[in-house]
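Structures follow.
Two complexes follow with chain A in common, the first pairing it with chain B and the second with chain C.
Take a look at the complex of A and B:
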């Protein structure tokens, strides 16, 4: 047996754990050739043709091509991406897709259980509001807030992490003390306090109006960036002494250029993975805040407050509580699977531990 | 070791002071604790003035902070703004309830999660392993409050269909809980669902950690050595692998436990349990800074203490860890 085969297999075995990997070891064994090749050639332009002594044709691929391959092999992650895209489309085109308006009353169907009649798939509440439509609008807000939180905290976390890791010194010290502080505080309590006292209505700063969901997003982002900052800082700390950085410095590259062009690309994996985790966490935390009445306030729709609405209306109308919650579970699960797939794809070494 | 603990504690005091000042400012700037009273036609101007005077509400915030700090240290967290109700007895009561809930849930969760994690790791890629993984993925994606509500709905319907009340879905005690064994039974029936909710949330996390650390240990050199020298498999797993695999779990459990003592806010709210979490939510809703601050100090202290416990326990259990 050529050594390549063992190598391919052992590499496969590194991708252990997690869902959906059941198919993978089998797939590796099924590839009887000496190296597992995908059937379709991808991105012909950048690929070099190499041939090994054994005569096996090999394609040299860029790091990204490999990452893409690994990602698409993770079937659950691919399925989750499809689900997420569908949900996002529904959220974006909520006004066109939702059968009813968010606050529209259908007085012929009050407290109707889930039925296909009149499109009340998720039932209606005691006022005759269609819960499918309400959930669609709720997803729109909740997803929007989650993505906002993820983007913002990624920007803050990456920037501060990079600066702290690259320059060290005072910035680094301040950053680490601050993340320590946030880690020591009871997170939910701080969130609740902040949301209760800062985020209950729109506020205007001169020409800029911060809508209430944006404020909730800002509060969440303020607490969520620290984890990423630590990760990015770690990578920068370990890479800034490397030869390629020294070489870049010697050839006269500015600090800015070294940070952005030379070191940052090495953190893309952890950054992207952490970002998906932040999205999932943000959705869950925002839902909990809104449920407790401290998150997104009416009239803005949100999944968490829909559940609270449903709870108030009693146990008879179980569908009002069930469906918004199920949607949260589906979204959070899908995001987590995508994160899992991305970690597989971008950072295979981490796999061994998880 | 001792210097490590002392340094950490000193640092924690600074963190606590800084955090408490920030939060005190937060709460004081944006909330008027007597707003509710002002709207009451029965509350006279003099009453309100007296409250404002007693709580120094008209002083600048840093001054009020110092008054509060003084009150906390010398007067057991002081009293509430409205009603002048001592805070400490309330806190002690709700802490007792939260302790019952959290200790029961965490003990059960650890037992189950350790079992699941170890078995998953020993039978990696088995049907059991995949089922457990699926369970924990779904568990991590499920909002706790929603799970609690679904259980409530389920047991309400079971009660309606069968007429048998297995568990209560709200409150901590019945109207007449009785004494002795009846009281315990009543309490158990009330706590069962909240405990279950907290358990599921914890199991989803713990079992993943347990599985990962068991896998790491099982593939380590000293376990291979133990096998190579001919020890029976049972002794290899239980004595050499299992005990070492538990170490990372200790940290996670300690941290999580410290956090939960602040009250499982969401769970307690859904089930109407008179615990730390509900106390905090009520205080927030009343806009009264003093109980909020008292709660926060107790909770933050507990988080810090359990962080420290986690670190010390880790060093004790794993001699490779050194403090400097």
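Take a look at the complex of A and C:
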């Protein structure tokens, strides 16, 4: 990729260079010392002549193209996104990939350490369940919860932040005081109380069945949207004063349209970055919650509850703690690196270094 | 005389600020006739933009406050119209060209998308293909070369002049009856200004729209306007057709403006600036707001006590001036012009 860029760039320079020398009047090139004024452009601006009439292909890049280029220069972020994609694929196709079901017992191999035999690569737990399979299904649950939390809290945070920032005044005050209220809640205490209150099984509200992961996701999302709401509000506050917003108003656009079509695309950067960071945090907090026994309940595996199961046994069965722990670390790190890369890529003040 | 397409009557707007109430616009009245170009001239802070923005509902309220007045567009009062209806008029029958094309275009949408949006907002159901065709036509009309490929470019890929062309294309997209241009050339360099003036002429020919041209550039007024409204400290001080305003003004402020203008056709050595500073709009001078700077007033009591009303000169209310001593202005103008000449001779 970088090699391609360089090639394209040098090609561009070549073209521009070629134009520069050929378009200059012969007298000036020969160095006779006479000053020759460039011909007055008629009607069109100079830049147009450069890029169109003279046939030079200056490839126009949108800001997304620039962002992509910047992202792909961030090696760690690219590696991380590859890792994340692989892990997500494994999670999505868990049923096809895992050698066993997550609650399948292998009574011949109880508490077996990691071995190549019978594909028990991560060993088995005290009931003889294949640990690789349990970790794979655990990743599936944890990632699902994390993405659910990220999407939901992004929706809540963006909506409230956008409304507060765009309308300002009383609306802003009300929404932001509510945000402050949520922020001041002691997180872990609320999480544990809510988890205990909602119970450890699926609950039904009329026709809606809330499964265990959905409930955990709802609780986490309820606490996680605040940061994003503040960020989005800030961006909206500054952007609503911009002239292009006034111009959009003057062309008859409604508030809704201005918010969604004109201002929101301008804050995609901070939103995406914050969203990735929420995913990382959600995975960690969900693991903590499950570890404490308030999150996903057995026999459904989640990364946190797997560690909790394993730590009861002490260090003799080290693999029961190590593998899910490692996976959590890898996912959280990778998500953070991707977030870093996105932040650098989407920051418009960062110009590309040639 | 045809019926005016837009008539503003007794418009008064003030702003609440920490330092006090700013009387931005006070009792402003004028008419805009179909197809004409009305220039609104004045110094910064004279209320030119506020009076127009208020009509379109673009003055933020609060801190702004509408005290009185109406703005009749085809018989309907824009100032008291439901928001939804006003939105339909904005960008449809009344469109606006902004001052700074560098900041008036959304950086994350392509030029084409933004113009197409203006069309689709007012003509729901226009499919993307038709909108695109129309946008390319518009871009060609305003002189954007290679319009169909420029459709997909972002504002940062356009130069200032090209962006202002795109803004004009956006403004005329829905064949407006009234086109408001708020200092359309101020942010551009001089060679581009001349081009934009041409584009505005072409746009007016195409749409037959009346243009309200807000500017402090008298050159632009001379170039484009048919009639002129001169504003000072939130009030209309003189109103008339462009020849009258330039040749036989009836207000000392207008005379001052003309004298401070560098002219190629007059033999001037020195420009004659208007002495003093524009007045504070929080505590405007009593009486005529211009009297502290007025050389004609010479401290006469009437100027300090009474706000001069707009009086008719010439038939049909087509030339009006708000000066107690408007009859003396002609002699004053001759004297100041002679003074400039004398300074040159000595």
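Here, the second predicted complex is superposed on the first by the 286 of 354 C-alpha atoms of A that agree within 3 Å, B and C clash if a C-alpha of one lies under 4 Å from a C-alpha of the other, contacts with A are read in each partner's own complex, and residues count from 1 in each chain.
The rule we apply is simple: contacts are C-beta pairs under 8 Å (C-beta built on N, C-alpha and C of every residue); 3 or more make two chains touch, one makes a residue touch a chain.
From a predicted model like this one, the values you see are computed outputs, not experimental measurements.
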Partner chain(s) touched by A:252 [first = chain B, second = chain C, both, neither]: second
First (chain B), second (chain C), both or neither touched by A:244: second
Partner chain in contact with A:321 - chain B first, chain C second, else both or neither: first
Touching partner for A:266 - first (chain B), second (chain C), both, neither: second
Partner chain(s) touched by A:192 [first = chain B, second = chain C, both, neither]: first
Chain B versus chain C as contact partner of A:66, first or second or both or neither: neither
Contacting residues of chain A [partner chain C, same complex]: 43-48, 52-53, 60, 62-63, 242-244, 246-254, 257, 261-262, 265-266, 268
Chain A-touching residues of chain C, taken from the complex the two chains share: 56, 58, 87-92, 95-96, 98-100, 103-110, 117-118, 121-122, 143, 145-146, 149, 153-154, 156-157, 159, 161-162, 167, 170-171, 192, 195
Partner chain B, residues of chain A touching it in the complex: 16-19, 22, 25, 180-181, 184-190, 192-194, 196-198, 280, 284, 287-288, 291-294, 304, 307, 311, 315, 318, 321-322, 325, 328-329, 332-333, 336-337, 352-354
Touching residues on chain B, where the partner in the complex is chain A: 12, 15, 18-19, 23, 26-27, 29-31, 124-125, 130, 133-134, 137-138, 140-146, 149-150, 152-153, 156-157, 208, 211-212, 215-216, 259, 262, 265-266, 269-270, 280-281, 284-285, 292, 295-296, 299-300, 303-304, 307
